[in-house]
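Here it is: the structure, laid out below.
Chain IDs A, B and C follow the sequence of writing; residue 1 opens each chain.
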Amino acid sequence: MSYDAHFKVWRGDADGGSLVDYTVTVNEGEVVLDIIHRLQATEAADLAVRWNCKAGKCGSCSAEINGRPRLMCMTRMSLLDPAEPVVVTPMRAFPVVRDLVTDVSFNYAKAREVPSFVPPAGVGPGEYRMQQEDVGRSQEFRKCIECFLCQNTCHVVRDHEENKPVFAGPRFLMRVAELDMHPLDGAAEAGIDRKRGAQEDHGLGYCNITKCCTEVCPEHIKITDNALIPLKERAVDRKYDPLVWLGSKIRRRV
Amino acid sequence: MSRTAREAWDVVVVGAGGAGLRAAIEARERGMRCAVICKSLFGKAHTVMAEGGIAASMGNVNEGDNWQVHFRDTMRGGKFLNHWRMAELHAREAPDRVWELETWGAVFDRTRDGKISQRNFGGHEYPRLAHVGDRTGLELIRTLQQKIVSLQQEDHRETGDYESRLKVFQEYTVTRLLKAGADGDSAAGERIAGVFGYARESGRFFAIEAPSVVLATGGIGKSFKVTSNSWEYTGDGHALALLAGASLINMEFVQFHPTGMVWPPSVKGILVTESVRGDGGVLRNSDGRRFMFDYVPDVFKEKYAESEAEGDRWYQDPDNNRRPPELLPRDEVARAINSEVKAGRGSPHGGVFLDVSTRLPAEDIKRKLPSMHHQFKELADVDITAEPMEVGPTCHYVMGGVDVDPDTAAAVGVPGLFAAGEVAGGMHGSNRLGGNSLSDLLVFGRRAGLYAAEHAASFPGAGRPVVSEADLEAAEAEALRPFGAEGGDPAVSEELAENPYALHQELQQAMNDLVGIIRKGPEMEEALRRLTELRARSRRAGVEGHRQFNPGWHLALDLRNMLLVSECVARAALERTESRGGHTRDDHPAMDRRWRRLNLVCRLNGDSTEPGADPLLGRVRLERREMPPIRDDLLALFDKEELVKYLTDEELTS
Amino acid sequence: MATGTDPRSATAAGVPAQGGVHHPSRATIPARHLRADRWWLAPAVTAAGLFAFVVYSTWRAFANDDYYAAPYVSPFYSPCIAQNCVPMKGGADWHVFGAWWGLSPALLILIFPLGFRLTCYYYRKAYYRGFWASPPACAVAEPHAKYTGETRFPLILQNVHRYFFYFAVIVAGILTYDTALGFRNARGEWGHMGLGTLVLLANIALIWAYTLSCHSCRHIVGGRIRTFSKHPVRYRMWGWVSALNARHMQLAWASLISVAVADFYVYLVASGVFDDPRFF
């Protein structure tokens, strides 16, 4: 059942690096992360890699396997052609730290820019009442394990470093959508317009809905269809609906 | 002169799982400046692996539930070895901690009347676990993470700096707690003065001076081969506390979760949530028999169904039927599976069958157990809506931990040190109920943060304990030892270096085989011999490369902690000559009421607090300590006949 | 002491903040991508399919001939709103534009379905990937030096999709009327059914399915609501539209093909290649 696989793993740091060849044993039922661990235990003790749960729940072991953004713990070796080399590189949208480890602080900075959940005024702990159908949409987005593969694959920042300051990325636009769809979020009462914010502060307009975020999501969240497009439609409600626009103009006059 | 960067904060929280984050939120809300240190990225803590839910007697599904019933279940589950006061506080405060999460943005599954839905779980009399599908831990960690972000946003509005009062040092590891005398003189070495460690990314050392340190580092599962725990679970907090002079209790009690994946080999041990059984899944052996009916112990006989028909009726009509024995506490189920496999009635890959496919429609399975469906599909190529899973016991949780004051979570004997969550001992007695972990994190995380903040506030300005230069240099030297030459220890670098990965594997194998789910006296003596040998070899654990994100180095440093904690487990397990909860002795199979009153307390040997002490000496010693008597009104919650099974006659008469 | 939550400056060491996967901060990998699969296939097929439709529809739209074979009218020419339309018995030929309009009447009306599809969230993905290579495929670097997405003119106009949806509903209504007329024979008597009727029927079913599965429709019907439980009817409608919406791509292609097929069928019959087979 075992065979020897040809691995090409990117080794290096911010000053440079290259793909290094390894030949390594693969056993039945193993995933790419197992092979990386075998390399660490045998011939590359200092091979840097992030990982935690090894069950697709924590989103730590994000990397690119044969050029595709994936979780290493959820990529079974049986899906890969044993005759072809397996190329493993760090995520290519973020600054590299060492080997397969990247600096993902971009994402933590963006997380801070999204206004938090605003508890509704006058509703105390234990008094929240929401129907299951009302929380379903937000719950889908809260399945996110923050592996940042969507952020990594999104060409808006992957291919254009200069867009990083103005674009929150799919994960955090989805966070805006999650809060905007939360049945008890009190943002509006507190003077926060999440719909407008999505467009003006978080760069929703940069998204051209080419759906790579949805394609790579290991949690199979329909990021584009259920979060980004509805958010765009909500922004249209605010900004491009002539009737709404006219109404707000008139109201402002009065 | 040390090269370590220093910072000063009020409270340092080590660990960013449920307990750590809850403690940090509390300390910050009490006005303290709080630093959180975690080995992984922020939001990746092992808490995300918790699946089933948070136990809290909100009574949303069954109005009969209240904190007394929860307390009773918890004591029964722990076989009365729990610290009663912790079990009481936990049961009383859990509902408030859950409701509070909603105000921070958590989105739980709902009941028809819009309240938080609650599900059944092993050992809980009523549906009690607040949940979000089978990813409750993720919801918990994300909610706490987002609450911290919202506090940082507040601070940013006020001070212009997100991290002025609450800062997360992610991918930092603490290797030593630092102490100082009460008057700021380090010679006395009495109270906590801060922490020392390294940044994983750069390998640079850091020290944070603070009068209060909260340990929230989780468990020790990475000392075992088959485990549901992640690499972070190397017993850091347990070892740090020991090395700082605190003590550990109940270390012999290690919970083996009955249902971990057994195939494929690379994922062996990964958890299969108890909710599978709570929602109707059943266990079968290779003969197709629901064998759990054969394993109901006497103490639980009246509480569990005697026939499959009755057990099946219970899901619809819990008031008039008893629950199926698949929902016995985890220790019972794990032992039963172990026995079936040993008797040759196991599944092809050495487990038993857990079947939900014949019990629920495929759509329900996908809705109620989405991440299990996903996990088996992706990792084992098994469709759980169509075929049974293969499962077996996996090391899951350590009941033992730092000996703490039940009300304040303060570590006994070390002023300024606090512990909460899995790293603290006492709350769960000899066995933890499913769902009690997440609530434990929140209840005692909050208390630890609260009292750590109070402690820190009692040191205004100049009177604070100061870290000594000598302590820093000693800690640096210890951390650099794996690099051999750099450590400057000729005794170490002359001999052949050991591979830390190989040492770790040998440790895991020894603990798994010799101090595992079923224990025998001679095997544990053998384990202690092997641990001694491994400890000696671990001092030669060498690494190549440099300090920047070097996993070999990190593991070499973690070995100290795993070996120390493993020794506590093995010694305590050898000492306790009875079987109770997460401690099963083949040579002492019965529960002994006389042992019920005793905690085994594990301390560092007096002469080995320094890194340079003789490695061949056993590093820990054990003491027996009597437990405080349970308060009368709490005892009155139980029937006399039940108490007789646990308490000695003299305890009952007094 | 740096924590991982402080982003590194992208302009460190005087490097201009530009470039994608070859930005100096990123892992040095010369290849623009490392995908070993046939990632180019999907955008190539998409581009080829769209191109073929554009060529065909341009020819047919400008042809101004063979679009009516009683009782069938080509969907390209309905409603027919110029004076130069061929007379259609009971059909949607309203002479809004006078004799001065000398071009094909299709051009007047095709604007609406064209605009609907051009701003459709699925077609946007298809042509951004297929024609503009932005990006060509996931994790394959795009060739453009700058990218502003849909933040500026002209692409900011994609936000008008909703209004095209309203028009698309009207057009679909008229095509439904046309299909109903397909149950009359050439003399205007009810009780007819030919192969053409079936072709129009299939086409209008797909047109409706595509139109209703539109993301804007999903939003208007219920997506904009915050508390579904207070709007049970709209919630149920939202559920239906969501189910259709999950197939939006398939419906987009199916209806695109069916429109062309329906037009081509009318063309064949109108130009006398064969007679419409009658069932009754």
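By our rule, a residue touches a chain if its C-beta (ideal position, glycine included) is under 8 Å from a C-beta of that chain, and two chains touch if they have at least 3 such contacts.
No experiment lies behind these values; they were computed from the predicted model shown.
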Checklist outcome for this item: argmin over chains of |mean CA - global mean CA| returns A
Next on the checklist: Report the chain whose CA-based centre is farthest from the CA-based centre of chain C.
Outcome noted: B
Checklist entry - Between chain A and chain B, what's the gap in Å when you average each chain's C-alpha atoms? => result 29
Checklist entry - What whole-number Å value describes the gap between the mean CA coordinates of chain B and chain C? => result 55
Checklist outcome for this item: Residue ranges of chain B touching at least 2 other chains are 41-42, 201
Next on the checklist: Please output the residue numbers of chain C that touch at least 2 other chains, ranges allowed.
Outcome noted: 4-5
Checklist entry - What parts of chain A, by residue number, touch at least two of the other chains? => result 104, 108, 131
Item to check | Residue ranges of chain A in contact with chain C within the complex | outcome: 10, 12, 14, 16-19, 64, 66-69, 84, 87, 89-90, 92-96, 102-106, 108-109, 131, 133-134, 153, 155-156, 158-164, 180-181, 183, 203, 205-212, 215-216, 225, 229-230, 232-237, 239-241
Checklist entry - Inside the complex, what are the residues of chain C that reach chain A? => result 4-8, 10, 17-21, 23, 25-29, 33-37, 121, 124-125, 128-129, 134-135, 138-142, 144, 146-151, 155-156, 159-162, 215-216, 218-219, 223-224, 226-229, 235, 245-246, 248
Checklist outcome for this item: Contacts from chain B onto chain A in the complex sit at residues 40-44, 46, 48-49, 58, 95-96, 99-100, 102-105, 107, 109-110, 113-117, 132-133, 135, 138-139, 142, 146-147, 149-150, 152-153, 156, 162, 201, 230-232, 263-267, 270-271, 370-371, 374-375, 378-381, 499-502, 505, 543-546, 548-553
Next on the checklist: List the residues on chain A that touch chain B in their complex, please.
Outcome noted: 13, 27-31, 34, 40-41, 45-60, 74, 76, 97-99, 101, 104, 108, 111-112, 115-117, 119, 124-126, 128-132, 135, 138-139, 142-146, 179, 182, 219-220
